[in-house]
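Two complexes are shown next, each including subunit A; its partner changes from subunit B in the first to subunit C in the second.
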Partner chain A sequence: MTQQIIVNSRTIDILAVLMLITTIILIGTSRLRTCIWAYACRSFMLTLASGLIAYFSGIHHIYITTGISLALKVIVIPGFLFYIVKKINIKKEVESYINYTLSLILACGIILIAYYSTQNIIQFENTFMRHCLPIALSITLLGFFVMISRKQAITHILGLITMEDGMFFAALSTSYGMPLIVELGLFFDILVSVIIMGIYVYRIKESFDTIDTDSLRELRE
Partner chain B sequence: MIILLLLIVPVITAIACVFTKKHGISKYISIAGSFIALVYNIYLNYNIYTYKTLQGFNYFFYVDALTILTTQIVTIVAFAAALYSAGYMEVELHDCRISEKKLQWYYFLMHMFIFTMLLVCVINNLGVMWVAIEGTTLATTFLVGFYNKKQHQEAAWKYIILCTVGITLALFGVILTYHSAKGVLGEIGYALNWSDLRTVADKFEPHLMKLAFLFILVGYGTKAGLAPMHTWLPDAHSQAPSPISALFSGVLINCSMYGIIRYHILTSKCVGSDYSCTLLMIFGLVSVIVSIPFILVQKDYKRLLAFSSVEHIGFIALGIGFGGMYSVYGAELHTFNHAVTKSLLFFCAGNLFLKYKTTEMENIKGVIKTLPVTGTILAIGVFAITGTPPFNIFVSEFLVLADGFHSGNLFTIVFTCILIVCITLIFVGFIYNMYRMIFGTPTGDVPKGETSKFTIAAMLFLLFFVLIISFYVPPLLREVLRNIYDIVRNA
Partner chain C sequence: MTAKIILPILQILVIVGFSPLVKGFINKIEARLQCRRGASIFQPYYNLIKLLRKDAVVSETSSWIFRATPYVTFISILIISLLVPVLSSQVPLNFTGDIILIIYLFALARFFLVLTSLDTGSAFGGMGGSREMMVSSMAEPAMILSIFTVALTVNSTNLSNITNLLLNNSVLLLNPSLFLAFLAFAIVLIAEAGRIPVDNPFTHLELTMIHEGMMLEFSGRYLALVEWASSMKLLLLLTILVNIFFPWGIAGGLTFPGLIIAFALYVVKIGFFAFLIVIVEMSFAKLRLFRIPNLLGTAFILSVLAIISLYVVR
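Entry: the complex of A and B
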């Protein structure tokens, strides 16, 4: 039993590290389509991890959330984002306030902070999935970093759903996910918010002729 | 079951409105729906008066005094907003600024917004409460960008991005709470039910609970408009149609504050009240201070009111943070007072906008001569919101400030002194800005006379609450406020 838990925990650790790598791709790349692909890959790994946890822990409701997450995060949301990118015909690549080399160095710093700050919490944890919480927190903070360092509205959406992925993974690794009703509500909220944001990206493009959020300067004191 | 009815009413109203093409009919459906909710909530209030708590569907819903105060505010302001919308939108329709097709969605979203706010209050599960708070953001984004010009789109974009990020941070707080509750309650579905968590909160891991409260305060605080996370608030409040601004300022920020108070109770029980009270006091005072410069030099009257909301939500946080009997009582009374007074002022602002078609204060002069009723109510509202005696806000502010001095804690007394200076400065800013607008000789060729009877009715309805609380707190409300103190304190 103990042996099995260690093996399982290793598999999930590997998936977690892969998720972290895809998040770093999001930061290091300038092509918008690559970013969306990176998001889809990460969501797929998250789904895989959640499926494995459902299998090993024997908690059945995690299968349901795994299924929904597969449909929503791997297929629907990336598909919708590709549709938006195509529809508004973005020619410019992702623009950043900070250049990519510096972004990557800062990302390393963020991961270190996440590891350092969760050390206190981990003392109270069981050894199962010891690395998952810091990685979940890193993904969340990296998503936050993407939101504040990038200029384009559509990258803000990507940052936001990255944060939500991180939260989802945190819930999974600390307490085998939230109760089913909460998870369902969460998925609903994510889906609706991404759709509304997509609509607004489109409208902003229509009236400002750009999706650079720097140009949103109508409302100032 | 009786709690479920309260939630069904706005949903039915919303669906009925979306299928009604004529504004002449849908406005009455909207008014009737919110009136039923209002009356029904008073009935629930009497139940709470007798039984203290109610629950439904095996503790899926849980209603106590804290809930009933918030739902009472929601239903009162919602009824006023429905009444006001009827008049406001009629004029907008007449001026061809919006189409009847868009109005169907306006009423639908407005009642769904009311539904999500009521859901936040009556739900027992803290996870579903999170979902509902996020739901309020989603229901209102299109209302903020309703007129769909550049500035409205910008406000809506800022609103949804900032609020969703904030709420996502709060989710981490929910996860941590769930994690620590699971350690005590074990593998069961109701490990997020507030009524259960409350009984075992003292066994939680203190370190986790502290971290959770911090995330909750920042996350829900974004939605509540606590500084420095308030930057979406002035834009969204000023760009939304006036009835929606009233709902925003009056009740939405109180709903988020309600979420914070729920966690405040759990955290106080776990790690002692000092930690969360101090955090609430600091965030509250920062909010009050941050709003001062913007109120003093403001040019736009709707933004002026929005920054005043930042100030008042800060004041409520401070009152809860002081933690004494009179300050908690005062803070909750302040919640009620602020909701009715601020909504009243946003209604006045809406009438000004309909008449003058501008939100710049320097273009408006002599409101009291051009719009006699709106002008008079605006003058009363301005004096009330700045805490001038004998109005209602003065009563609640006085209670909180008096308790701040009475606490004997040096830290609290220093905070109270700073607070008094801040309130005085805000009073000066408000009167200076509004005086020139309300009095003075009218310029230009704006015709005299009020725009709509519905808007006046809505304003008189709220004015009634402003005046009655100024002189007399009804026993029903007094009992509710006293029970809230027991809930917050007894922990």
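Entry: the complex of A and C
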């Protein structure tokens, strides 16, 4: 029995590590399409993890969240992002204030911080899903980092939904998710915000011929 | 007593004998996937036989290093093949060295190859040598850290112990840290074996070659030895990967049926990973030289995370 619990929690841990790796790919790649693919993959891992958590714990409302997140995060949002990228015909690839090697090193540092700051908390959990909390925290911080360090508006959207993923996973792995109504509200929130931002990106592109947020300062004229 | 004699012979037979086959297999599958017929799977053997028959041409300006290198390279790789558990978790040279020795023997082989590439004074050789050193300076730390992650999990640097322990309690294998270490090691394997995202083993274009650049001056039996050593290196790295991270089926002792099963599973596992290498080669273009640090940096970061997460979550 205990063997089974260890195997279960280790499986979810490995899914968490896969999510972390897709986030690192998001930071390390220079292609916008790869970024969106990485997001879709991570959402799929997240869905898989939440489905497994629902199955292991026997809490039914997590199944509902799993279904919604499968529809929304794996299909709708990446599809919408691909649509925007195609529609505004982005020629330039991802541009960053920091070069890739340095951002990878910084990402490594962020993950180390996440591990060390949760060190005292995870010691109290008895072997159950010990990697999840630090990884959820580091995905949140990495999303924040993507938002700060990238120039294009569309990568800012990716950073924001990465942060949301991290928080969702933190809630899921520490306390089997938030109440259903809160989750539903969050999903709706994220969908609406991605669509609104997508439309904004489109408008920015229309008026300025670029989605580089640096050039937005030219608004003053 | 007979076991002590049979095991080394068996290991050398498997590694030395089958390494050209693995290379031929990879080339064949790759050709088939590109809709070519491709050379025979035994082509590397024909090449080796032909080269061994031919005379070697040695530049007048080169020193003894040039003539010593093929033997040093081949022998150091040969020693590694006695240090790695292949079919049985028992290792012939268990008493004399562990995983750290393996890493340094790889480094020794590479060091002599690079020396030779400088020795003949050819421009391509020097370029290949400096590139090889650049790649290995980034690949080696990642490799060491990822192997140390495994060593820390089982508290031993002895490959025989590592395989035994992981074989007996396979829950240890379901460790996220080991998973990260596995990914890092897989990336490093591609870099060390000189396969496509890092180096193209087929090209002789001066701008892109790394490993081939160092081997340009070799001919005849010297070339055969160096080629053979490089294919053995690929097979050995695959063996380490397979037997550390997926040790199922490896024989614990030295019984005949156990070894047969181990051999069958070994062939399946190596074939699977060789196929994965082909898939990677098919789906990526060779990286520009200055993009290689990104890839290897990722491997390094993965291995650092592996070792740190092991410590924190212990």
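Criterion: the second predicted complex is superposed on the first by the 214 of 221 C-alpha atoms of A that agree within 3 Å, B and C clash if a C-alpha of one lies under 4 Å from a C-alpha of the other, contacts with A are read in each partner's own complex, and residues count from 1 in each chain.
The rule is short, and it goes like this: a contact is a pair of C-beta atoms (placed from the backbone, for glycine too) under 8 Å apart; a residue touches a chain by one contact, two chains touch by 3 or more.
Predicted, not measured: the structure shown is a model, and the values here were computed from it.
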Subunit B and subunit C placed together on subunit A: clash or fit? fit
Rounded to the nearest 10 degrees, the Cα-centre angle subunit B-subunit A-subunit C in the superposed arrangement comes to 160
Touched partner set for A:144, first subunit B, second subunit C, both or neither = first
**Asked** When the two structures are overlaid on chain A, which partner does A:179 contact: first (subunit B), second (subunit C), both, or neither?
**Response** first
### Touching partner for A:115 - first (subunit B), second (subunit C), both, neither
second
| Now for A:204: first (subunit B), second (subunit C), both, or neither, which partner does it touch? | first
Practice item. Answer with first, second, both or neither: which of subunit B and subunit C does A:104 touch in the superposed model? Key: second
Inquiry  = With both complexes overlaid on chain A, does A:130 touch subunit B (first), subunit C (second), both or neither?
reply    = second
Between subunit B and subunit C, the one with more contact residues on subunit A is chain B
Original post:
Does subunit B (first) or subunit C (second) touch A:89, or do both, or does neither?
Top reply: neither
When the two complexes are superposed, subunit B comes to within a least CA distance of subunit C, in Å, of 19
Subunit A residues contacting subunit B in one complex and subunit C in the other none
Subunit C partner, complex, touching residues on subunit A are 3, 6-7, 10-11, 13-14, 16-17, 20-21, 24, 28, 100-101, 104-105, 107-108, 111-112, 115-116, 119, 122, 130-131, 134
In their shared complex, subunit A is touched by residues of subunit C numbered 171, 174-176, 179-180, 183, 293-294, 297-298, 301-302, 304-305, 308-309, 312-313
Contacts from subunit A onto subunit B in the complex sit at residues 120-121, 124, 140, 144, 147, 153, 156, 160, 163-164, 167, 170-171, 174-175, 178-182, 185-186, 188-189, 192-193, 196-197, 200, 203-204, 207-208, 213, 216, 218-219, 221
Residue positions on subunit B within touch of subunit A in the complex are 125, 127-128, 130-132, 134-135, 137-138, 141-142, 145, 148-151, 153-158, 160-161, 164-165, 168, 171-172, 174-176, 178-179, 182, 189, 191-192, 205, 207-208, 211, 235, 238-239, 294, 297, 303
